[in-house]
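Sharing a structure here in structure tokens format.
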Amino acid sequence: MDWPKKSERNKNLKQIIAFTSFKLLSYAVVMILFLILAQIVFKGFSVISWEFLTAMPEDGMTKGGIFPAIVGTFYLVLGSMIFAFPIGVLSAIYINEYTKDSFYKRFIKLMTNSLAGIPSIVFGLFGMTLFVNTLGFGDSILAGSLTLGLLTLPVVIRTTEEALKSVDDSFRHGGYALGATKLQTIRRVVLPIAFPNIITGLILSIGRVSGETAPILFTVAAYFLPKLPSGIFDQVMALPYHLYVISTSGTNVAESQPIAYGTALVLIMIVLLVNIAANTLRRYLGKKVKMN
Amino acid sequence: MTHLDKESLQLKTDLIGMWNLVISQLNKTHEALINFDKDLAHEVVANEKRVNGHELKIDNDCENLFALFNPVAIDLRFTLAVLKINSNLERTGDMADGIGRFILNGNGPFDEELLKVTQVIHMYDEASSMLVDILMAFEHENTKIARSIFKRDEILNQININSIQVVADYIRTHPDNIEQALFVLSIIRKLERVGDHCKNIAEEIIFYIEAKVLKHASKKQKAE
Amino acid sequence: MNHIIATEKLNLFYNDFHALKDINMKMRANTVTALIGPSGCGKSTYLRLFNRMNDLIDGVKITGDVRVEGKDIYEKNTDVVDLRRKVGMVFQKPNPFPKTIFENVAYGLRVNGINDNGFIKDKVEQSLVQSALWDEVKDKMNKSAFELSGGQQQRLCIARALAIEPSIILMDEPASALDPISTAKIEELIYELKQNYTIVIVTHNMQQAARVSDHTAFFYLGELIEYGETKEIFTNPKDKKTQNYITGRFG
């Protein structure tokens, strides 16, 4: 019996059309990203200098550097991580390794996911109410770090949980079968395997925290503060907020535009470096974890 | 040495044990025939049970080896060969048992002249040395010795063919000793069968070692 | 003859599912017992009773007796960690830890509180020799266990189990993920280990059960259909179902 004729040409044409359109769309995404980057680099590159990075702002922030903002962002990231990492990682271990009750587990998950969905400005408001006013920390690094920490907590929990989930159960069973307790198995088998992925998640959340503006708006960020903080109860400037200030409500918006682009470039570079660091570290640890 | 190797070796050892038992059975009837030793003949008949017991055990071991190890290639041929050699040895044992019974039923020492003209003693020597040599071929996996068996079997066949005329002549000259003459003729028939069993065993050994099937092959082919 | 493992009127439920039905079975020390049967017949579940790995699954209920070395291991005051030290386990997929070859074998000792490095070193070597892996790995003890082949990894997992000196080793289809040569090596190893250990092995491979075991138990739909000498089971099974299964006519 003869096979019915297939419309070969038609089929190939469809393939080509589909393939080409997917390709073009993905190029478009890259193009957009490239355009944004190009604009910022093009406009910001000229102001970047050693002085720009290490000097105080001058002349109503139209001249000088952004040093206090860089330092401020650094402190805020550090503070929020000190708060969010241990709590986040430990809760993720608890959720993934210890909770058996599926209802309870689902409830916690729902809550952490909802937390992740709350707009960051709401965190800012909450931080102001709780840390700044109720607990009396005032506008300070402490209040800002805690607020940023809260914001990033669900991300840390989620990524750690995913990292733990990706550890095959056969490793856990192997541990138990050798007479290891649950804690020993988690500490000596599960965590070392999950470690590279956990670290990557954490570093990516650093990138996110360093760019947040809304949560620090009411809790720590100073409009203009040409000196470095001396303690955790001091206010600081921060890169994203500084960028917002000089491009919207500075003393001379038009004149400080180059500085705004310079600030944006620094911010983007930081996020980019953090991402590259995350990838390198994961690859390095991925190898190392198999070795030790 | 693998588990299967160990089991195969055990099987080989058991078969060699069976072999030696059968050789001793045959040799005992030889002696009993010459000396007309009814006690010895009785022992052979009684020992037939042991031969049968050995046969059953080796059969059973082969069955287990097939069932548990699913042998292939040389292991498969070895096990098949053991199975068949085993039954040939058992029949050889039966021959010894049959000869033993003739002696038990006999009513006096065999006539020396009868034994001499029929060449039955020579046949005996040849048959038991074939059985010993073919055992050697099996133990050392030597197909050259195995091949030499085919020629030697022809000696037995020749004696067997001649025996009718010889016995007929003997009966004519000794009409009073017909019974003994017929006994000896039967013994010759049985020894000829022993030669055939040796030949079968040789074929099995060559099959197991060289994977060549020599059954029903011409003499020329066998010599190669 | 005393029995190192025994179950009496053992029933196991996964929630409402009756997974094992009235299993009575006794195993002698220094023998290999194979558990065979079609998938889902309960043989793996039965195996995991003896080191209480079923505890890790929710909704498992057990009635009846499970005795290991004469003691009811489902009694309230049983130390599960201690039990698992005595009853080692090897899994279907080789699951070495992401550590060095040395540390993999040393792991069981370390989690059991042994810190004497000299002792650990000797024990690691001894276990690797026993699992017939020593010659292949002695020059790369500090290499990652993942650099080994699948068959070597599985023998490493066996060495890891041996290091803590169990008296019983449970094997859950230990060769099903391996190539034929590695499988043959594992089977030879099981035959060797029988001298010093009691081994219970679950296998889908009937020939494997035939080759390595002294006794074979055939499970079907949660019931123990037939249990006896492997020779008997494979030459003259008493039950029609056993015969049909081992001859490949069903299951």
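For clarity, chains are labelled A, B and C in written order, and residue numbers in each chain start from 1.
One rule holds in what follows: a contact is a pair of C-beta atoms (placed from the backbone, for glycine too) under 8 Å apart; a residue touches a chain by one contact, two chains touch by 3 or more.
In this text, all values refer to a predicted model and were calculated from it rather than measured experimentally.
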item	value
Chain A to chain B, fewest steps along touching chains	2
Busiest interface, counted in C-beta pairs	A-C
Centre-most chain, if every chain is reduced to its averaged C-alpha atoms	C
Intercentroid distance (Cα basis), chain B paired with chain A, Å	91
Where chain A and chain C are represented by their mean Cα positions, the distance between them in whole Å	46
Two or more partner chains touched - positions in chain B	none
Interface residues, chain B side, partner chain C - complex	2-4, 63-64, 67-70
Residues on chain C engaged by chain B in the complex (per definition of touch)	184, 187-188, 191, 207, 210-212, 230-231, 234-235
Residue ranges of chain A touching chain C (in the complex, touch as defined)	100, 168, 170-171, 173-181, 184, 188-189, 192-193, 289-292
Chain C residues touching chain A - in the complex, by the definition given at the top	51, 53, 56, 58, 81-82, 84-85, 88-89, 91, 93, 95-100, 103, 107-108, 110-112, 143-144, 146, 157, 160-161, 164
